[in-house]
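Below: one structure in structure tokens.
As written, the chains take the letters A, B, C and D, and residue 1 is the first residue of each chain.
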Amino acid sequence: MLALAKTKPGPGADLLRLEVPRIAPDELLVKVERASICGSDLPIYNWSAWAPTRLKLPTVFGHEFCGTVAETGPATRDFKKGDFISVESHIYCGLCAQCRNGQRHVCRDLRIIGIDTAGGFGEYARVPARCAWKHKDRSLAQVGSLLEPIGNAVYAALCEEVVGRSVLVLGCGPQGLFAISAAKAGGAKPVIAVEGAPFRMRLAKKMGADVVLSPADPDVLKKIERLTEGGADAVLEMSGAPAAVALGLKAVRSGGRLSAFGIPPRELSVDWANDVVFKGVRIMGIAGREVFKTWYTTDALLRSKALDPRPVVTHSFPLKRFKQGFAVMNAKAKNCGKVVFEIGAAR
Amino acid sequence: MLALAKTKPGPGADLLRLEVPRIAPDELLVKVERASICGSDLPIYNWSAWAPTRLKLPTVFGHEFCGTVAETGPATRDFKKGDFISVESHIYCGLCAQCRNGQRHVCRDLRIIGIDTAGGFGEYARVPARCAWKHKDRSLAQVGSLLEPIGNAVYAALCEEVVGRSVLVLGCGPQGLFAISAAKAGGAKPVIAVEGAPFRMRLAKKMGADVVLSPADPDVLKKIERLTEGGADAVLEMSGAPAAVALGLKAVRSGGRLSAFGIPPRELSVDWANDVVFKGVRIMGIAGREVFKTWYTTDALLRSKALDPRPVVTHSFPLKRFKQGFAVMNAKAKNCGKVVFEIGAAR
Amino acid sequence: MLALAKTKPGPGADLLRLEVPRIAPDELLVKVERASICGSDLPIYNWSAWAPTRLKLPTVFGHEFCGTVAETGPATRDFKKGDFISVESHIYCGLCAQCRNGQRHVCRDLRIIGIDTAGGFGEYARVPARCAWKHKDRSLAQVGSLLEPIGNAVYAALCEEVVGRSVLVLGCGPQGLFAISAAKAGGAKPVIAVEGAPFRMRLAKKMGADVVLSPADPDVLKKIERLTEGGADAVLEMSGAPAAVALGLKAVRSGGRLSAFGIPPRELSVDWANDVVFKGVRIMGIAGREVFKTWYTTDALLRSKALDPRPVVTHSFPLKRFKQGFAVMNAKAKNCGKVVFEIGAAR
Amino acid sequence: MLALAKTKPGPGADLLRLEVPRIAPDELLVKVERASICGSDLPIYNWSAWAPTRLKLPTVFGHEFCGTVAETGPATRDFKKGDFISVESHIYCGLCAQCRNGQRHVCRDLRIIGIDTAGGFGEYARVPARCAWKHKDRSLAQVGSLLEPIGNAVYAALCEEVVGRSVLVLGCGPQGLFAISAAKAGGAKPVIAVEGAPFRMRLAKKMGADVVLSPADPDVLKKIERLTEGGADAVLEMSGAPAAVALGLKAVRSGGRLSAFGIPPRELSVDWANDVVFKGVRIMGIAGREVFKTWYTTDALLRSKALDPRPVVTHSFPLKRFKQGFAVMNAKAKNCGKVVFEIGAAR
């Protein structure tokens, strides 16, 4: 099979011809149809940040993907050849205290597909059956690789109710864009987005933001406070930019909630007394998605079209043009939303 | 009347003879029986930290107190002369969105008695009737000034359920000591305390801590992880020491909760990616107490003796010996729990 | 002033000329602009069911109304002449354990305006200031009497999150119709309504129901189960018809929720073992609205137009044509939604 | 192996010599150490109520048991020969919407061990590995068959927080007795029990009830209201007696919670308007235990000795004296708590 692998330290990746993976008894072999590039695939491709210390080479990477079941291990239940599935990238053990208390996404023994194990940027991939989300039909086939990242956004936005509440989304990369839409679907009003790249500001509008502000605007905090009558009920920090975390902690109202999803590149300075304690806020770390609670909500929002992710998919390439895909994502101008690889889509 | 006032910048305070305050229509005049020193009274007395920029002098200070109603304003309901009351120090407006949504403790227009208005270190004090907690009888008279600080600890400990869960309490000043007891009353097991002062380590044991560790122990984190099988379900940060916040963020398990009550003296460095996002924790800012939800719980725990605060009251003085009271609290050795002024206790 | 009063036992009511009410210190005098007929006004008008044993005659009735403040008692805060307000009909004491724990709607000493005290079917009415919802502006003036009943529907629908979940609404009187719209605003999908009167079935569609079924359809349960893949995540019982309660308990999925709002005319037979215990359902009694949590949500949904109640207002009369208003409501055919009296609307 | 089976319609059961069960790939073979009689085993033994229509004969019954793993199916993970386990009797599919949303106890495809499949009243039993609770050690071996029924009580008592709240327990069979203790462990105060059998009234005291009342007392409701200042914050209906359900609905305070665990023998008459809607109560159907959330709490309470179930175990027999065990349970006088069969306990 054809697969995109990281074979040696340094920037880039190699398209290789490899053997189709052999599955364990509790695994599925998936014929990959579509896979998408996550922000966390960039350090792997660029060989920067955390990637060199975590990955063992060589390895196929990529963890947002969907496809059809090609083979089922003897210890699996409920799957058969031809089932269309999306993949939960968090391999949870299912046995630890967190897994057995509704918190599989922070399993004590968590491994991530495409980072700690072989991933989905290839024609075939193996996944534990417990990490497969079986679709009822093929109606979400076009966006099947996106359920995983949309799940992040849905969990970040809706981990507490937002109906009739004000929501501030910081950063309008794909996750922020999905989060805008998830907040709208949950009844939030107004939804305010902060983003600097013009291309993504336009996408934010398209995805339903009532107002889009630039982080460079010196009055951005004042404007948020005016639009929210004193502070946002919920802030969704989707960027990881230290300045955005700081803005979010100032912009959330006393007694409000901040969902922390973006990954800052380093430690942050936090005004713990004034921004956390005295304000009585709740800061919710968002690591992945609730498995499978969030998946049910995401599936329902996609099927009912309350959340339409298609405007976010700005680029789509065959796997062999992977360099273009990563170049688009790496470009400073950020003239992109999500980049999808079309690998083996059924007709 | 006799009252302890801050009359001029600089350390110390003055015991003055003042006129009995005149009340507004929605206020009560309280004949103060007991008042206690809060950690936040020290900057006022010492004229350090935030105090010089916030207080308007001269002013009577003190915000933990109880007493009997001596006079009722014409716009008050439900109170009569002789009622025994404890005081909620957060003057909430009752009209803003937070107040009308169950979050009076973070009222948009919050003022604190004894900081923003005249306080309770005197023979009489005026309080808005809506901030008075009317006792059914005098059975809690001895500890009447403590319901306010115990409320902080109860809210910090029990803002999420702890029955059968592991709880780590960082810092065993009066608030930490009360928090140990509140966690025990809520069914937590084990309750682990971290404190460096030997006097307070002994008090922590007395209040029910299953294990007391020193923050100077180089293996403190490892020991916590062993005792909690990988991390505490809930961490109560009651000290404000930056090292304690850092320890708490490491010691809370993935998917666990950290209550942030202690006030650090400056901004903190936080490993937001690893300690907040990836761990999927919930950080709860604890500003005061839920008004009056926490008061009902606190009252019930005190009446049932599930929480017995008396070991924490290590010193008690008449108001005229106020210098001794503050000296005990200011001492480096921390050989004290709570210091109470006996002012006009009924017999 | 002109007011509609119940003066003697028996059906009907009398339009009288009365003195403008005198207010207590904590009350407001309201110049009534609009008032609407609640289902519970019918037993009063018809002198049936619970009304004869509860009401003390003579009395003005009516409890859904809005208007402008004409006078403020000296013990009130935050109101001034000319403020536009809607009225919370539940007079809560503000002092009992329920009131002080976020459950004012079930105050231990609850009285209802227009039932236990004089009501709003008149040119002026007195209301405790604590029961007044002050509008920011007059943008909701046309629907100002409806916030109270819409609040019931919002609380019934959104007392637990519904985003991406299936909701079944039983009964499409005004409350059921509002509940359809509240569920949609909260992201529910699908929203299925059950109603027998053709006029109201059409209104249900207009308010956003995805499917409308007749209770007379022998396959109604099967159809609900098919549409919801085995049972509704949430059932909103808005009718009080014993058959609807029974249908709701069968149609809710195991582990789902049933909001009980409708008032049955008599005791019900419940299959407690199979429909409550074994299914592990949650039955939520809905008595009014959360004061003021629900009001904030309702206000936000109305202002953002996520909930547009206007199609439900099918009839509108001046107060002197009150007989027509009650005739419309009493008619068997149920060719109506909400009936509103235009009393003293400002221009 | 020796096992107690129901072989034909009619009262009684037969002790048979059977082949050791053969396990499926995802199952464990358990060498049973102890098993206990559940109230729901009586209809099976007596061949009454629902049993004749549900059971397929012949079958071994019994669903409360513990033991050591004797053999592991090839598709199981995390178990090895010799592990000491307790058994979750609800065989959940793990794949349906309820199972994947934290509600395995009400799985759409639920089967009960010992009712729908062969049970644990024998020397060996087969159980799906996903239904086994692996103990860390043998410290709970004496009470290992009780985790399942204690779990019911823990879930009924603690499905909402009870710290500092009043709890009323209706019926003091084993489940009610465990529930008293669970409520105490969670910080409830007071805990009031209602029971008619003198033997069980004494046990209720022993398990921690602050007050025990007789249902025959004509003032029972008044006494409860006085002890709880107007109504219990939480009612745990553990008996299934229609009169107890009725008492519970009257005795719960407005805005309070009723856990419905007991199984009435027939439909009930409920005053839905006054006892459910107007009071704004929450009725929680309790079907089994949350899998495995409740198990973690139960395990922690047993290990910390916050809940000591031993006084409830009043009788213990070898399996061959099963007739005595059932006779004790069937006796009118109710001079028993839990009856345990000692089957193959390790030394």
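List of remarks:
Throughout what follows, contacts are C-beta pairs under 8 Å (C-beta built on N, C-alpha and C of every residue); 3 or more make two chains touch, one makes a residue touch a chain.
The structure displayed is predicted, hence computed values, not measured ones.
In terms of residue-numbered contacts, B-C and A-D present the same interface, as over half of their contact pairs agree; the other options in A-C, A-D or C-D do not.
Spacing of chain B relative to chain D, judged by their CA centroids, is 41 angstrom.
Residue positions of chain B touching 2 or more other chains, listed in rising order: 97, 101, 296.
Contact topology of the protein chains: fully connected, every pair of chains touching.
The touching residues of chain A, when paired with chain B in their complex, are 97-98, 101, 103, 105-106, 108, 229-230, 240, 245, 253-255, 260-264, 267-273, 276-288. Taken together, the chain A residues at the contact with chain C in this complex read 158, 161, 163-165, 185-187, 189-190, 296-301, 303-304, 306. Across the complex, chain A is touched by residues 25-26, 74-75, 77-78, 94-95, 97, 100-102, 292-293, 295-296 of chain D.
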